[in-house]
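After this come two complexes, each holding subunit A, first together with subunit B and then together with subunit C.
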Partner chain A sequence: MSDRLRPLLVVAAVLVLVLGVVPAVLGAFDRSYLYQVANLALIFVLLAASMHLVTGVAGLLQLGHAAFYGVGAYTAALLTTEAGLSFGWTLPLAGLGAAFVAVLVALPTMRLVSIYFAVATLGIGQMLYLVMLNWVPVTKGPNGILVTSGLTLFGYDLSRPASAYFVVAVVTLASLWVIHRLSHSYYGNALRSLREDDQCADAMGLDTVRLKIESFAVSGFFAGIAGALWAHTAGYISPADFSFPQSILILAMVVVGGLGSLPGAVIGALVLILLPEVLRPVGDFRNIIVGGVLFFSILLMPKGIIGEVSALDLVRRQLGGAWRGEGTKAGSEVGWR
Partner chain B sequence: MTTLLTINGATRRFGGLTAVDGVSTTVAKGELVGVIGPNGAGKTTLFNLISGFTPLSAGKVHFKGRRIDGQKPFRIARLGIGRTFQNLRIFPNMSVFDNVSVGAAGMLGVNAAGAVFGGKARSEAISRRAWAALEQVGLQGLAGELAANISYGRRKYLEIARALAMEPELIILDEPAAGLNDTETRELAAFIKRLHGDGMTVLLVEHDMGLVMGICERVVVLASGRKIADAAPEVVRKDAAVLEAYLGVEE
Partner chain C sequence: MAGTSPAMTLESVDLEDDWHEFSGFFGPNLPVAMDYYLQQLAIGLSLGMVYALMAIGFTLIFGVLNVVNFAHGEVYTIGAFTGLVVISAFAPPLIVVLLLVVAVGALAGVGLERIAFKPFRRFSDEASLKSRAMREATLMSSLAVSIVVREAVEIGFGSQFQTVPLDRLLNSPISLGPITIVSGDVIIFVVAALMLGGLQYVLKRTNVGLSIRAVSSNPLGAKYVGINTDRTIIWTFAVGSMMGAAAGILVGLYYGAIFPSMGFIPGIKAFVAMVMGGLSSIPGAVICALILGFSESIATIFVPSVWADMVAYGFLIVTLIFFPRGIFGGARDRV
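Entry: the complex of A and B
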């Protein structure tokens, strides 16, 4: 297959699957519960992909990711219910709001290393969660916020389950494309070098502090986008949606899928959202099965379902992003175009 | 000959210990200068003072006429100083090519918006530089390998290639022969000589006297943080202070 054709086919296959096959299947069953599951799966794909960038690629263990997801969700929900803004405004503003909070958090914490940074993000995640829970005049506290309006774009009402699914799918795919370009390029290489040895990266001329803050902000931005999608499609948000266990769930998706691997993060998210749904018939026992799957998958595949090395190799060959030195044989693609 | 690097009274104190004590020297464009000294003489500290990893307690460092002490390491690197580390610091979980491309990317600049929406010009410039550096050290055949999987000797060259991909004006090598056997050390000496022959300015810290004496045009000798000699190898070899520092003096 020609090198030019293959990437187009891969992209076309993903688009047909997400925007064609899945909605067709959902339409055939036409149950709002199934649409909700599909939306949730896509939202967590985006959350895992955004955490992949900061934790997998840049190597900053982030234990408060769900809080940025929450900042995005509350921003979107409040802008809709209080200010009457529609989706075209709430979506970017939710992303920017979360990115802004991420920068505020990053500025003092970026000089911390490894486990100390992780504990700092844990604390900040908890703080943001407690703000959502206790700032009752604004967030309505534990009662949460009912979001029944706002999913309109250029005056079109997109709140029907089928059209809402398309909104979530298109936003998720576009965000994934951006995260793909960031992780699979010289930019991603630079972030990986921070993970490997940031002092050494410094000696190569990389502004390591700026890059860390930037990756944290971009990751926060997409978590905020995911939050807006959740607020507008779930119809109701409450602090529990953005608590510590959610952060750990996202982390588990990234690790089970393969730390540093974008396809892995996507697959990890799909497995951990869809598996409990598929196992619904076995009742409460399903949680034990999900735990078992987590445990054994990490025991048997410590590098994840698709480890970083295989993921990069896959992207280089299937998406044609690789560079080939003169005089080298085919199959030795390296670097990023 | 134009002076590239000027070190003027560089001093670094760690608590009560003075690791580098008033060292002054210069490196001219195109020179190959060696820094030797017994263990604990302050060689690596001197390197870290130049590259900005350790701040000076006193003194000044100029590069191309600009004062560089007090600047962050990445800014000093961008002015054109590439370095390697004493204990081999590569990026183990990245491919050989990706390792080297970081050196090029650091110099050409990375930005998120450019990576997402920009054209291919930047990535191709980075790739070309990285490939050229790999060819220079002869590692192009291993470009796709994970850096952790190649042999120790090759990793040494990988680290040098990464610094070369920065296309620096001055390269500082911190004990490149550490851990290499005699044959590998000879090969490395030939390589450094070739690099210098191609016009690179090299500052070399080395424990291995033979390597430094064999290839350097000028040798700076440190002992207990002080400069005790700064001359051609054949002069340094007969210097009384140097012999005392290395062999001890007979009572």
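Entry: the complex of A and C
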């Protein structure tokens, strides 16, 4: 197989799987609950991927990711119910809103290192959660917001389960593509250098603070997009969806999948969302089993399901691009283009 | 479409601040008398003492291993449930309940260390003991253990509030000059003060305490002078968890609110106190826990009690931005 063809085939296979096979299977069962599980899995794939960028690649341990997800969801829900905007507007605005909050959070906290940064994000995540829970006039507090309308695009109503699934799938795939390009590129390598040694990166001429804030903003943006998808597909949001345990769940996905590995984050998200559903017959014990899976995956696979090195290798071989060297100068054949 | 979402897998009970609803009866707009301030200060003192007991567990463990123990809140829950079981089984006096709870807490701490921390200490040199990989692995493993424990408690007892026998609640009023406090305030203060004093004695005067301090100041050096690091770490977990479990049952009997996810909010508050105190300074953590307790109970005078948690997080952010090493970070002993 030629090097040029392989990336196209891989992309085509993913597209066929997500946009063809999965909806076909879901359609065969035709239960709206299954569609909801599929949407949830895709949304968490997106959340895990966005956290992968900031925690896995840039190495900033983020313990408040669910708050940005919540900001996006509340932005989308309020724009729909109060301003009557449709999905085409709420989706980007939710992303931008979350990115804006992320930049606000990042500006004062970026000079903190390691555990201090993690603690600061935890505190800010909790503050945003408290705002969602207690700012009753705007967020309706613990009662949550019903989002019954709004999943329309160019006048088409997309709120049927099957079409909602396609919306979520397309948005998630597009976002994954962007995150893939960001984390598997020179830009991604610059972020990785921050993780390994930010003083060294600084000495090499990288603007470390700016890179950190950018990665935080991009990650917040995609978390906000995920929030908008959740608000529109679940039809109901409440603060409990964006509390600290959710942040930890997303972190667990990234860690189980492999820190710094995008395919790992995707697989980790699928495992941790789908496993409780598969285990539904076991009833009460399923969360214990999730905890057990988390524990044993850390104990037995400390690098994650797909470790960073093998993930980079995989992406490099399957999606091509780097190391090909054609059309580039002789000296620039190493690294990502 | 609406209804319970599958995304709530890690969430069991909505933590809507049952923690505070007892300290904010009067709402923000009543004329505030001096007595009321004093009363709030008394409540803040017992609240702060509870945070201090919790924060010590975090701080000891952070000092020795440089990791955050996310399962510490579950030790608190275990303490409360142990107390409840003991009380409903054979109703002993409070002091016996406390001793049993402390013993079970120590066992829980040792078990936690064996399960969630020991397997990840594959190498014992200082670099890997305090490395990032180790920290992230134990952070996640303690989290996993905490999920399992919380769910197991929920299966065993149900997720709703447990009924505490009314005569065991620590709420008989005590008049103290112009103000009225309840017996729980006094008992929490006395027990916590005794435990803090005892801890100080253990850390400064006994072999166990000296070795804990040695390991937390320099693990490799401690090894060189013949201290058994592994055993010291176990002791650290036992001591820290004793305090956490005692805090759990005291609060459980004070508020009459015992439920599987009760450990979460106090755990975060204690964590904040630890960070404010400089991550590994015990006096710092205790002082900051008291500051936290006072400011929360004072804050409920001015704002609705549901916003009181904001105080803790506000403190956290301000501390991190303006005193990144903690208020008492550099100047004091590590333990």
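One rule holds in what follows: the second predicted complex is superposed on the first by the 326 of 337 C-alpha atoms of A that agree within 3 Å, B and C clash if a C-alpha of one lies under 4 Å from a C-alpha of the other, contacts with A are read in each partner's own complex, and residues count from 1 in each chain.
Simple rule for what comes next: a contact is a pair of C-beta atoms (placed from the backbone, for glycine too) under 8 Å apart; a residue touches a chain by one contact, two chains touch by 3 or more.
Note that the coordinates shown come from a computational prediction; the quantities given were computed from them, not determined experimentally.
S.K.: Output check: A:203 vs subunit B and subunit C. Expected answer is one of first, second, both, neither. What do you get?
M.R.: first
S.K.: If we overlay the two complexes on their shared chain A, which of subunit B and subunit C does A:28 touch? Say first, second, both or neither.
M.R.: Neither partner.
S.K.: Compare subunit B and subunit C by how many residues of subunit A each one touches, and report the one with more.
M.R.: Greater contact footprint in residues on subunit A: C.
S.K.: Based on the A-chain superposition described above, do subunit B and subunit C contact any of the same residues on subunit A, and if so which?
M.R.: Of subunit A, no residue contacts subunit B in one complex and subunit C in the other.
S.K.: Mind listing the subunit A positions that touch subunit B in their complex?
M.R.: Result: residues 178, 181-182, 185-190, 192-193, 195-197, 199-208, 211, 214, 218, 260, 308-309, 312, 323, 325-326, 328, 332-337 of subunit A touch subunit B.
S.K.: Using the touch definition from the top, list the residues of subunit B that touch subunit A in their complex.
M.R.: 51, 53, 72-74, 77-78, 82-83, 85, 89-95, 97-99, 101-103, 105-107, 110-112, 114-117, 120, 122-124, 126-127, 130-131, 134, 140, 143-144, 146, 162-163, 166
S.K.: Taking the touch rule as given, give the residues of subunit C at its contact with subunit A in the complex, in rising order.
M.R.: 1-3, 5-11, 14-16, 68, 116, 119-120, 132-133, 135-137, 140-141, 143-148, 151-152, 154-155, 264, 268, 271-272, 275, 279, 304, 306-307, 309-310, 313-314, 316-317, 320-321, 324
S.K.: Show me the residue ranges of subunit A that touch subunit C in the complex, using the header's touch definition.
M.R.: That would be residues 32, 36-37, 40, 44, 61, 108-109, 111-112, 114-116, 119-120, 122-124, 126-127, 130, 133-134, 142, 146, 230, 234-236, 240-241, 243-246, 248-249, 251-252, 255, 259, 273, 276-277, 284-288, 290-292, 294-295, 298-299, 302 of subunit A.
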